[in-house]
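Right, I'll just put the structure down here and ask away after.
As written, the chain order gives the labels A, B, C and D, with residue 1 at the start of each chain.
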Amino acid sequence: MNRLPLIAVIGSGATDGSSFETARAVGRCIGLARCHLICGGRGGVMAAACQGHREGRVGVDPRGVTIGVLPGSDAAEANPFVDVVIPTGFGLARNAIIVCAAEGVVAVAGGSGTLSEIALAWQMGRPIAVIASSGGWSERLAGEPLDDKRHDVLFDAATPEEAISFLLGRLRRET
Amino acid sequence: MNRLPLIAVIGSGATDGSSFETARAVGRCIGLARCHLICGGRGGVMAAACQGHREGRVGVDPRGVTIGVLPGSDAAEANPFVDVVIPTGFGLARNAIIVCAAEGVVAVAGGSGTLSEIALAWQMGRPIAVIASSGGWSERLAGEPLDDKRHDVLFDAATPEEAISFLLGRLRRET
Amino acid sequence: MNRLPLIAVIGSGATDGSSFETARAVGRCIGLARCHLICGGRGGVMAAACQGHREGRVGVDPRGVTIGVLPGSDAAEANPFVDVVIPTGFGLARNAIIVCAAEGVVAVAGGSGTLSEIALAWQMGRPIAVIASSGGWSERLAGEPLDDKRHDVLFDAATPEEAISFLLGRLRRET
Amino acid sequence: MNRLPLIAVIGSGATDGSSFETARAVGRCIGLARCHLICGGRGGVMAAACQGHREGRVGVDPRGVTIGVLPGSDAAEANPFVDVVIPTGFGLARNAIIVCAAEGVVAVAGGSGTLSEIALAWQMGRPIAVIASSGGWSERLAGEPLDDKRHDVLFDAATPEEAISFLLGRLRRET
């Protein structure tokens, strides 16, 4: 089948310049690694990651796409770097779809929305990497478990490259 | 942005040979028309449409992808022609996601599941084409309205080509 | 445990006087029969059924409650006869919750929204009674199957009493 | 309308004896205060709270009910103290329904599931009280904000009574 892996990028809709660049680098690595990228489809970390994905996948074959799963029902709310818009009309429950769909999750910075996605991804058994240097809940939870239902921790990635390498390694081991 | 349109194909998970070939032709038209295809990701009409999309998009640039939105949470349930698998864990409520995401909907044959998707798509104001000759609910409802909330009907398409032309015409008029 | 059965009433948000009175009588029967009533929580058939439930349960012990599962996230959208408001923020996907939760479903009149609920209830294996004389999709589908996945039909109830008796009979047989 | 307030109790499905008794006391206070109780419908903190609610509401008029919103589609998964079972088939996305429906949320102990509910409740603007002495995420987050989108904190309640008083006070102020 040769289906490309699907990686989620989660993080705040509003970002400072530093976490924007981190998210963009995360997106670039995902594109370069021949993976699809799924996210919440809005601005901030989500837009930066999608933009980076488009940059990273240039010259790569086969190419992945960026998928934006919106809380509302209007496709116009998506950022311009989303290739496939999935408006859901499900409100915040769309957070559960993003992490359920993903084979691995990268968090950049993040407030309460990102925290809910990290917690749902943990429950669903998805491998999770966080970029601690980006601040927010990624920093607060790096290297920690969320509870004792799993034996691993949120992987504390020093760089975007390390985050994606970690997730791809986890996927390979599971297959 | 140049985002490709997203067309949903709905229909039974179990099909006879004739509706399989109809669904495959619908998929081919969608691929040829440079559109993404979204469906429920399982077998029958869904698999046939995805297979056709892969055939139709050969040599086309830019190329669309096939997206399969699964009721369960296991990506392995997707048919092999789905490019991007979205397992949701939402059960039948995933039907609402498929038609909410789509800019237009084509129905081939169809039992109660397809009927629920047609009814939800109608409520959400999505343009709907049905291939009456494929039987099932597509035949029973062709050319009819579902209620008086809309002023149009389920478009009675004689062929897959006519169905996709109708939907693309509707999209163009709305943009 | 002595848990009271949960019966769903589905039907249009806008009704004429005749289907309003039918829905109210359905609600009265559900209240009298010591069942909880679940519905979409809005006006029309939903409000009429909830009002009837309050009338029917007077003097009955133990008493059921009316539950309104709203598409939006604002409890103020519920009709005044709902005892427990469940705003979901899920849009039309809340239709799937109503019929999944119910042990039996009664339809009164109905447009495309009701049709989607009937189709979802059929797929979920819920017993369904329709009051054909109320018109709409209840009339069009009375006594018919939706597809060949089940061996029964939409029960064609001549009166509200007959609809509830049928559903309670089905529940008793299954327990 | 005189609709009773709806309070959510969230916490782990598996509990030690101490947090079981805390959750039961929380349920008793909610019953005594003439409120409905909504929860995830399973065991542990959820069962304890529902059991307590039944104890607390004896002799109270009007009486609230306990509502259990299940992740699966089988009502038999509910604990025996749930009055109204809402099987959803939505998986973990049912967490979003519980906190969206509630007018206020109390957390007892809690692992990753509870953390996701706290984060979603925060995003939805629901008042949240945690019993810090019960451990888990309730202890880790007591008295803290989740991000800067709200100006309040997770209320650090010394006792179940204090938690419910706080939430009722917030409801009264908003009405």
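The working rule: contacts are C-beta pairs under 8 Å (C-beta built on N, C-alpha and C of every residue); 3 or more make two chains touch, one makes a residue touch a chain.
As the structure is a prediction and not an experimental result, all values here were calculated from the model.
Participant: Which chains contact both chain A and chain D?
Facilitator: Expected: B, C.
Participant: Select, from C-D and A-C, the pair of chains that is joined by more C-beta pairs in contact.
Facilitator: So, comparing the two chain pairs, more contacts are at C-D.
Participant: What's the chain with its C-alpha centre farthest out from chain B?
Facilitator: D
Participant: Can you check how far apart chain A and chain C are, centre to centre, with Cα atoms defining each centre and the answer in Å?
Facilitator: The separation of the two C-alpha centroids amounts to 41 Å.
Participant: Quick check: how many Å separate the C-alpha centres of chain C and chain D?
Facilitator: The separation of the two C-alpha centroids amounts to 28 Å.
Participant: Touching at least two other chains at once: which residues of chain A meet that condition?
Facilitator: 73, 88-93, 96-97, 100, 124
Participant: Would you mind writing out the residues of chain C in touch with chain B in their complex?
Facilitator: Checking each residue of chain C against chain B gives 90-93, 95-97, 100, 111-113, 115-116, 119-120, 122-124, 136, 146-149.
Participant: What part of chain D is in contact with chain C in the complex they form?
Facilitator: Chain D reaches chain C through residues 1, 3-4, 6, 36, 38, 65, 67, 69, 73, 75, 80, 82-90, 96-97, 100-101, 103, 124.
Participant: If you look only at chain A, which of its residues touch chain C in the complex?
Facilitator: 73, 88-93
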